[in-house]
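Here the chain labels run A, B, C, D, E and F in written order, and each chain numbers its own residues starting at 1.
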Amino acid sequence: MENIAETFIEAGTLMVVGMVFVFAFLSLLIVAIHLLAKVGRYFPDPISVEKTPRHLPSSSAMEKPVPAPIVAAITSAISHYRKNKTTK
Amino acid sequence: MESIITLWESTGLANFHYQQLIMMAVGLGLLYLAIARKFEPLLLLPIGFGAILTNIPIAGFTEAGGLLKYVYDAGIDTGIFPLLIFMGVGAMTDFGALIANPRMLLLGAAAQFGIFATLFGAIALNLIPGFDFSLKDASAIAIIGGADGPTAIFLASKLAPDLLGAIAVAAYSYMALVPIIQPPIMKALTNEQERKIEMKQLRHVNKFEKIIFPLAVLMMTILFLPAATPLVGMFCLGNLMRECGVVDRLSSTAQNELINIVTIFLGLGVGSKLSADKFLNAETLGILALGAIAFSIGTAAGVLMAKLMSKVSKDPINPLVGAAGVSAVPMAARVVNKVGLEANGHNFLLMHAMGPNVAGVLGSAVAAGVLLALVG
Amino acid sequence: MESIITLWESTGLANFHYQQLIMMAVGLGLLYLAIARKFEPLLLLPIGFGAILTNIPIAGFTEAGGLLKYVYDAGIDTGIFPLLIFMGVGAMTDFGALIANPRMLLLGAAAQFGIFATLFGAIALNLIPGFDFSLKDASAIAIIGGADGPTAIFLASKLAPDLLGAIAVAAYSYMALVPIIQPPIMKALTNEQERKIEMKQLRHVNKFEKIIFPLAVLMMTILFLPAATPLVGMFCLGNLMRECGVVDRLSSTAQNELINIVTIFLGLGVGSKLSADKFLNAETLGILALGAIAFSIGTAAGVLMAKLMSKVSKDPINPLVGAAGVSAVPMAARVVNKVGLEANGHNFLLMHAMGPNVAGVLGSAVAAGVLLALVG
Amino acid sequence: MENIAETFIEAGTLMVVGMVFVFAFLSLLIVAIHLLAKVGRYFPDPISVEKTPRHLPSSSAMEKPVPAPIVAAITSAISHYRKNKTTK
Amino acid sequence: MESIITLWESTGLANFHYQQLIMMAVGLGLLYLAIARKFEPLLLLPIGFGAILTNIPIAGFTEAGGLLKYVYDAGIDTGIFPLLIFMGVGAMTDFGALIANPRMLLLGAAAQFGIFATLFGAIALNLIPGFDFSLKDASAIAIIGGADGPTAIFLASKLAPDLLGAIAVAAYSYMALVPIIQPPIMKALTNEQERKIEMKQLRHVNKFEKIIFPLAVLMMTILFLPAATPLVGMFCLGNLMRECGVVDRLSSTAQNELINIVTIFLGLGVGSKLSADKFLNAETLGILALGAIAFSIGTAAGVLMAKLMSKVSKDPINPLVGAAGVSAVPMAARVVNKVGLEANGHNFLLMHAMGPNVAGVLGSAVAAGVLLALVG
Amino acid sequence: MENIAETFIEAGTLMVVGMVFVFAFLSLLIVAIHLLAKVGRYFPDPISVEKTPRHLPSSSAMEKPVPAPIVAAITSAISHYRKNKTTK
């Protein structure tokens, strides 16, 4: 039983040390993220070209013109599929 | 005549041990959970199938030259498969919600109490005759409370390979059971008023912040806990590939084809540990019981921490989001959302719960590192 | 000066043996068949290319540290590559037609007579001086009659690795030649009237049946023939992933990227066995001859079995579908369809031929298991 | 020659035993499939949402359930295209 | 208390050597170049990340059982990863422009002078105390002038594994710096008039020619330089899969998923060679300096050769295209196009520069073969 | 210093031999490509079926009628893709 008592103490120590460490680590990470946010303000996202049409009044998912490359992708997908249909 | 005898002696019928039949039933049970109940099917289906293959008499899947032995030795014993899964999961994870509200990390920390309390519980089980968990065994079992499959498999392969099968099955099963295990605990620890709390909309997070974040996490892990760097490092590599915007083809492969390939083999390899002699014993029952306790304690700790934070915070915090701290991404966050909606039909907590949810992944990786450093 | 001599001594010109030139011509011939004639290009192209690389003097592709040696040792000697191909093929296979009309399994059984008759033939060849096939060799050769590439490679790697190159080349070549080998035999054994027979439309098969089917096949294999479980098991895993509907991303990877990657390496690895000393001998000629016989006997046995069944069955059976029992999926089924259409322009036998076709895959896997159990 | 005779006998035995086994195995599988079909009646396919439009009067080729491989081909083609847009 | 000490002793803080910090800074520097400057990000990102992981104290990524050691041993020490990359690059390469104008091969030959002159330079560096490059070392360093990453890694892994990290970093860095290094040299060696030269449109190239071309290249390499057949062979296999039109699914996998997976691991494996003891020394500085010289000499040799050819040719040749002979596909060809457009707004040299560009790939593979044959 | 002188000579020889070899090899390849071009004339590209409609006056990629099931496939593929964009 001595042995078990010892292991209990070890397990208890592990529990305390482990939880303290996890909290300390993630708390430090909170600090780091706050710093990151401050630095981040000086590196704003580049203004994306894609977002412009969003503001057009009549836009809906259906009316968005399908980008030509997607049309090409679909075309090639279909021919690709036809080619592969006979493959084992 | 001789041929017929040889043939008979090489049938399964002539060679079955009843334990193998039981283990095949376990494998079929896992397949049932995966297919009919949709419990973490990506893992439980190959694990269940691997369990069946492993227990086929004579076939020798896990003996020298057997397929599953190759898979286990190459990918699980080395730790490569769980690390690659972690890279893929990193490439799938959006830390935006966490960066926008970093206090949520405390919830991810609190929920790890499930791990450390279970460690204590596993040692306590030794008081019951028939159980003899070493500290390494107990640590590997406790990590089930981290609610993170690859972390559990990685740690178990280092600390207690013999228990790996039961630990992995428990981890994935309870992750799948999150929608059943968590809500009662969440409701017991909160009142209607608390569950109705709506949270402030999250701020926009820069691409810059998202790129630096995985590097910052890695640097901190290097400074304070190198033992966790295999897990955290591969996770951060995946996340960096995702966010940096210049290696999209690598990121896409990491979160699709590569993770799919590895998942199949990881599952089969884990299944290869579900052999009768390593699974059919009291320890497995202990592990399953401890796993359920671990999940429950982790959930409770997260919710209680959220209640505490709610009291000292100027911005409102719905204590339900604490339950997402166990990780089990994204299931736990969805459960939070659902329970929140039950209390308040306009309360969409999903994004708010994603913060503690991914914090839980980091938290359990850190906890695994602590266990490796102190016990491994 | 010395450099120039060293350089000259390291040219191919200074080191060629004429046998290597012949083997390169064989490799180029395989490339020709693959590219210009579209004969099983997915396999014959990498095999042909591997054959060329293998026979380059000095380069050492198959010596210690050589690329092809790594490939062979890691994937073919271990059996991993053919098993992964089998998993992918399982994920591509729809057993609906077979489940709807299970009697077709008898055709898949009958066609395996090609295998066992050839085994006898291979032993008979020993009567000719210069041939000395052991029972293991004969079994590995006979499996060509199974018309299934991965099964042939798997069995040959276990029973007769030295003959693997010739066996794999014969198997894939004859599979590609199915549209030339089979029709004369089919026409010789049937009359116009029989070829015109139309078959009843197949019933609808449940998702439930499709999910349970691979598990049932696996269970039967476990009970009666564990030696076949590597092949059948991986095949059923692939099929289960396909049908269960909950792991579509794994199924898709298994039948696309993973099988493609493995196919490249499997082909190169098989090609590495096409070295002069192992290919340029009487045995190879014997193997090629026996392979052709095996295919012919298998086809004939399938057609005759179908004629027999047609007589005792209340639903009409077109005896042509018996030819599909050799497997060679889906080529043999298409040949059946084509020959059927020639006799009766409204007779679409394709779906009816898919039943015996996939039954042939199971049949040859079972036959391989029997050979492994009794000879291996 | 003795040896060859012996091997012949072995080969012949293998032929008989092998064919019998293959037939027995696949015949048993026939039985199993018949059983499966009987059990299967109690587990009908769930009525799929996609299939509902089939019953609408105007059904045409458009409503035929799209073969999975075509969907897969196109899906993968589109994501493939997107992946490759920035490729070396 | 003991636990806390153990934990402290297992932190990075307690175990850092300052050289490891420097190497991590190098790794971060590579990440910066990859992400912010888009310098060959597909390789430099995993290399940089690998460098960081390698230098984490205690974590043991490159020790027995460490992830990066597995990666290096399995893929780089064996040469498998660079060869697979080469197969993928072959599947991405269109030789049409070169077949249409085969004289461009001479430019690809001339640019290899960068390699051999640098070999001489590396030996000359031995005159400076602190440098002690063997002929093998010098050869491995010189191949940087080939401007081809996989070739450099393959050769370095065979001739000078200890220098592999520095060589790979130099190769990819200078490949990324092509738009900065090349234009001044190109402008210094040509006059405005020459840069304005427009070239004749390229003829159409048959599918037949494109299919036979990789086989012809392979055959010549077999006859004259078997030592180059691993590189050239895998490259030609990829190209044949691309052009033959019958194995599109293999070709697609080779140039997408497979090359992506291998790229991640290749980068990590190369990064594992960026450990302090192998990188932080005078030799690395020497390698970086020699690499820059190699690129410059190669560029100059290409341009001068093009000027020479322009004089003896009846069809006009713009000497700028000679710069593309160093390979660095397709960056060098784009630089040629850009510099050409600056001189003549209607002069689109891109397609004309693709000929020498892909010729440069063959040229450096041949040069690597010569070095392997004579020095290896 | 002797040793270095020797290595220099070796390096010089390598340089000369290497460059000569590279030039010889690639020059031979030029010859081979010229031969290939001559042989290639006897193997013209098969006239592609797809190219025929190009010569028709009204044909454009858009006007070819897309088979209905393929349209359905594309629709479902796109929605499938959109769905999967956010999936774990």
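Throughout what follows, a contact is a pair of C-beta atoms (placed from the backbone, for glycine too) under 8 Å apart; a residue touches a chain by one contact, two chains touch by 3 or more.
Just so we're on the same page, UniProt names per chain: A, D, F = Probable oxaloacetate decarboxylase gamma chain; B, C, E = Oxaloacetate decarboxylase beta chain.
The model shown is predicted, which means the values in this text are computed figures rather than measured ones.
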Graph distance between chain C and chain F, where chains that touch are linked: 1
Most remote chain, CA-based centroid, reference being chain E: D
Chain whose average C-alpha position is farthest from chain A's own: C
Turning angle required so that chain B lies on chain C, C-alpha fit (0 to 180°, nearest 5): 120
Distance from chain E to chain B - Cα centre to Cα centre, in angstrom: 41
Rounded Å distance between chain D and chain E, as computed from the means of their C-alpha atoms: 46
For chain C paired with chain D, centre-to-centre distance based on mean C-alpha positions, whole Å: 17
Numbers and ranges of chain B residues touching at least 2 other chains: 3, 7, 224-225, 246, 249, 252, 257, 370, 374
Multi-partner residues of chain F (at least 2 other chains): 14, 17, 21, 70, 74
Chain E residues within the chain F interface of the complex: 98-99, 102-103, 105-106, 108-110, 112-113, 115-117, 119-120, 122-124, 126-127, 135, 138-139, 205-209, 212-213, 216-217, 220, 224-225, 359, 362-363, 366-367, 370-371, 374-375
Sites on chain D touched by chain C in the complex: 4, 7-8, 10-12, 14-15, 17-19, 21-23, 25-30, 32-34, 36-37, 39-41, 43-45, 72, 76
Chain D residues within the chain B interface of the complex: 13-14, 17, 21, 79, 82-84, 86-87
Chain C partner contacts - residues on chain B that touch it in the complex: 3, 6-7, 10-13, 15, 24, 28, 31, 34-35, 38, 41-42, 45-46, 49, 52-53, 56-59, 61, 65, 67, 70, 256-257, 260-261, 263-264
Chain A-facing residues of chain E, complex: 2-4, 7, 248-249
